[in-house]
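Structures incoming, each one as structure tokens.
One chain, subunit A, appears in both complexes that follow, with subunit B as partner in the first and subunit C in the second.
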Partner chain A sequence: MDCVVTGGNVKVLAKAIHSLSRIGDELYLEPQEDGLTLRSVNSSRSAYACFLFAPLFFSRYVIPDGHGFRCKMAIKSVQAVFRSLATLEKTVEKCHIELDGDRNRLTFTLHCKHGLLKTHNLSFQDSESLQAVFDKDSSTNVLKAQPRVLVDTVLNFPPSLEEVTVTVSNERVWFRNHVDQEAEPSKAMLTELCLSADEFDHFEVRAQSSVTFCLKELRGLLVFAESTGLPISMYFAEPGRPVVLSVTDSVLDGNFVLATLSDELGVRQQNSKRACTPPPPTDDFMNDELESYLIAMDTSIATGPSVPEAVLAPLLPSRAGSPPAKPDPRSTIHSEREEDSMEEEVEDLGRPPNKKFRSLFFGSVYPTGSPLSSRTMTSQKVLASDSEDDT
Partner chain B sequence: MPLSTQSQTDDAQYILVASLDNARNISNILKAITFKDHAIFSATPNGLKVTVEDSKCLQANAFIQADIFQEYTIKEDSVGFQINLTVLLDCLTIFGGSTVPGVSTALRMCYMGYGYPLTLFLEEGGVVTVCKINTQEPEEPIDFDFCSSNVTNKVILQSESLKEAFSELDMTSEVLQITMSPSQPYFRLSTFGNSGNAHYDYPKDSDMMELFQCTKTQINRYKMSLLKPSTKALALSCKVSVRTDSRGFLSLQYLVRNDDGQICFVEYYCCPDEEVGED
Partner chain C sequence: MKFRSKIIDIGCLNHFTRVVTTISKLTKTCVLRLTPDNLYFVLSGKVANGGVGMWCELSQAKFFDEFQLEGVSVEANEICLELAPDNLSRALKTAQNAKTVKIKLTRKHCPCLTIAAELPTMSSVSRVVTHDIPVDVIPKRLWNDFKEPSMPDFDVTIYMPPLKIMKNVVDRMKNLSNFLVIEANMNGEMNLKIETDLVSVTTHFRDLGNPPWAGDDGSQAGADSQREPETMVQARVDVRKLQQFLMGQQFNPSKAMCNIVQNTIIHLILLYEDVSLQYFIPAVA
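For the complex of A and B:
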């Protein structure tokens, strides 16, 4: 492998690595015919990110013949190569990535101003291919926005906020901080932003829905998108199915796949008289958004079981063996709970309750037959987001 | 002027008196050598030399010439004492060490002689603080016996280019290896960390290289933990001279320009870590 990145593309590469570092601890690197892929996945496998840099991104792109070469390495060590992001643009003229097969080293050489040459020889491990299974085309909802729009939106949330809930209707999108079930209701603060469809470059909502996912990874992608000025597309369908955030350019392609909270939480929250997925307010309440929204919420609680169908629907079909949907959400949850405790008794120990992110399915990560592969099933539930451990 | 009236009468007893309009000019340069509490002060008619040592392997010297001070009186050929540097720095910045232009702490530093405390009069905005810091028996600084006649290799670099390298150094590496050579790679800094190794090469014709005098290829390793404190001096400096002698001892000399444009020097000596074996 022998790649050369020049000029502004060095910064793009560096930013991509920095945004991947928000996901996991390891960087998976795979040079392929159609470009260089950089991937990362978090430890709970609820977030995955992949960048593909097309051969045209490089001023030289030569990959090894024969069998595919893949490796993984500590993302920190690659980050160290591009440590000073601020000065990178001014100082680095050329970045040369080369594989030294004999010494098992991946060499990053930065040619800097004043003739300074920085060479980093990084050790790596062979790795299996890392690939999340996701399908953007099956998403019912697609939103595309300039990075600025999302950056300004996310800025309103405190840095400590872990998860954000995105609710879409035909004309609008709501971003709301996700309040943990455990949180003291009197101390919880709800921040909500509403963006109208015309803030977006593309707005396609075929099914109203509401998904909750981790903010940390989105922030990581935003840093990348903002510096490259690329619009972000968001693909999602229903709670529990991953949301895909992607940036695309003629020479690069980035996809962040994040697990979303499965929906039973939403219903539970409704039960405990807290907001999660109330019906989006209608146009009549244009002028008094939040208040009308609260009114709408109140009514839905008062009427109890009459939770809108859009919220309840995705709850059950994905789980085989669940009892058929009942009008009363209480009973539904009850049965789900029982089932959980039977299925995952061991894993339940010490698991934070009500935080059920579905793991993404990584088909070929583990060789078949390994004890892990049987556990990594599409419906596997993950303890919680990775971001929890970090903060 | 509260400072002058207050101390006028006592002046005769002091064997050393040094005054400075801006205490930051001395506190900054002392910060560049603060990695151990104890500092040896030796004053001569030429100025003040402050020495800090670590593990008998590292020595840092700050040179503050007599003409940096507005007043500098010494009644003996040489005056020496040891003092707690951290305490001294705390006193020098007792008014907060403000960096606002126009606001500065005036300093008058007096020493009566062996066994007496070092007395500091500090004044800012009409408020005077008097600090007395006990002095200790001065130790003899280690003689690294580094003389310019034994220097094998020498380069002078603009600090800017080294600052970048030092800020990025892989701190998981136990040593910093310095290669100086009349041929490729000329001047190289290398680290050997957990995730691999890294080299920073400076060509001899770089704009950052002000002087390149290397006669013989030398590869020496120095403990990262020992060199780490020198980054404080590097951060303040505008030029740095890197020299190694025939034994592999390292001398780093930093040229520091203070707020008033005057020049001071900070110097670090460091022993090589060990003979370089196979890589």
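For the complex of A and C:
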């Protein structure tokens, strides 16, 4: 592998790596025919991000013949190469990425002004392909906006806020801070922002819905989109199915796939308000079988050819030793907890405590007798707690 | 009980935000008392607050373009709310370039002070952001706790040195000791002292001037004349509380004064046009 990035594209590459660092700890790098992919996934697999830089993005793009080379490395060490974005723009003229096959190092060489050369030799691990399969086309709702619109929107929420709820109707979008049940409702400030469809470049709402997802990754993508000036498209359908945020250009393509809170959770919370006995957990998928199933899926996808984009599953390879996802004990607590629902939305009250996002990741099952032959798989929502660290 | 108000002028909005931010630096929760003419942010000097008290008074007409209030009753035309000033400060900060900001009392999932800001956009429709700040409505029988504190019968009154300088000194002294002795006399002198087993540090300020406090009868109140002007009056206070007061300052007061009751309390007063902020720090033995 031998790639050269020049001029302003160095900064674009650097920004992409910085926004990927908001997702996970590792960077998956894979040179392909159609370009260089950089990917990352978080530990609970509730967020996945992928950038594809087309060969035209580079002034030289040579990939190894034969077997596909792919590797992963600590994202921190790659970030260190592009540490200072400000000086990068002024001083770096060219960035050369080269695979040193003999020493098993990936070499990043920054050609700076005055003939200064900065060489970083990064060690890497072989990895299987990290490929989430998601389907933007099946999204009922598509919103496209200039980064400024979303940056200004996000600014209204406190930096400590973890999750945001987005609700769409035919001509409006509401952003609300999502507050957890566990917090005391009377303590939390609720912020709501309403945007009209006019503010969006593209506004397509086929089904009114409301999804809740993590703000951290969105903030990461916004940094990238703002610096490159690329509009952000948001694809989503219903709660529990992931939201896809993407930026596209003639030479690059970025997709962020984020888990959304399951609606079942919300509905159950609402229905069982003040109920003494919580309903039995309905999700049988929150147990070992599913986990083993997922691992099977992983390998089948990683080794096979590219799978049609139909399922919604950020998949991680070689996770055989990971602990199984257990039913979230909090879901029981939730249903018992007294909770006021606000307005007509599945709006949760209270402040997010200092815990991590209780995330969903998306398993996949073959539905029996699926009417859609092209879409062989549909999504199945699975609850997994982020705190069960599965690295 | 009804309350709604509106700010249009951006200068007023910024000023109001600075006042609220200052309050938020001083206390986590406080009481907002609304009357037809004034707003008050109050922290009563209870033991739970470490004896620290605060009283901030704003004239509503100087800030608001619209101010409608219907109090608890005709006789008691006031509303008393307990809230976290940090929430209010945060909400106002997001509205810094708003066309209008409305503040009203609403009943949502609980009683809320709702801040609704109309933000400018590129499109024809403006963007509206609302923040619902949960509040506790304080029943009338408890209002007595939130009356204006009486001026202590101080032994010394003095203008304070520039607050930034004072802050720098106190910040450094805080590293040496948890307690600071503040002393002053009627000759325009103030000292900040640290005394520990290992070190004694004193910073002297001179020519600060003593404000003339006219009593009701026209005579000079407090600081009675029996005392020699050079005699120092002192109080030992928790250095963190003084630091907190100096750190939070967001507005440049036109007057800053300090009254000291020997070994009892220090009473700090900041005046800025239409805002006054009083802060009480009890002395410790």
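The working rule: the second predicted complex is superposed on the first by the 266 of 391 C-alpha atoms of A that agree within 3 Å, B and C clash if a C-alpha of one lies under 4 Å from a C-alpha of the other, contacts with A are read in each partner's own complex, and residues count from 1 in each chain.
By definition in this document, a residue touches a chain if its C-beta (ideal position, glycine included) is under 8 Å from a C-beta of that chain, and two chains touch if they have at least 3 such contacts.
Remember, predicted model here, so these are calculated numbers, not experimental data.
After superposition on subunit A, the partners subunit B and subunit C are accommodated together without colliding. Contacts of A:L155 after superposition on the shared chain: subunit C is touched, whereas subunit B is not.
Contact with subunit B, but none with subunit C, is seen for A:S84 once the two complexes are overlaid on the shared chain.
In the superposed model, A:L193 lies in contact with subunit C only, and not with subunit B.
Judged by the touch definition given at the top, the superposed model places A:Q32 against neither subunit B nor subunit C. Of the two partner chains placed by the overlay, only subunit B lies in contact with A:R105; subunit C stays clear of it. Of the two partner chains placed by the overlay, only subunit B lies in contact with A:H114; subunit C stays clear of it.
In the superposition on chain A, contact of A:K76 is made with subunit B only, not with subunit C. Closest CA pair between subunit B and subunit C after superposition: 5 Å apart. When the two complexes are superposed on chain A, none of the residues of subunit A touches both subunit B and subunit C.
Residues of subunit A touching subunit B in their complex: 73-74, 76-77, 80, 83-84, 87, 91, 105, 114-123.
Listing the residues of subunit C that touch subunit A in their complex gives 84, 87, 90-91, 94, 108-110, 112, 119, 121-125, 127-134, 136. The part of subunit A that touches subunit C in the complex is made up of residues 152, 155-156, 158, 185-196, 198-199, 340, 342, 349. Taken together, the subunit B residues at the contact with subunit A in this complex read 161, 164-165, 167-168, 170, 193-203, 205-208.
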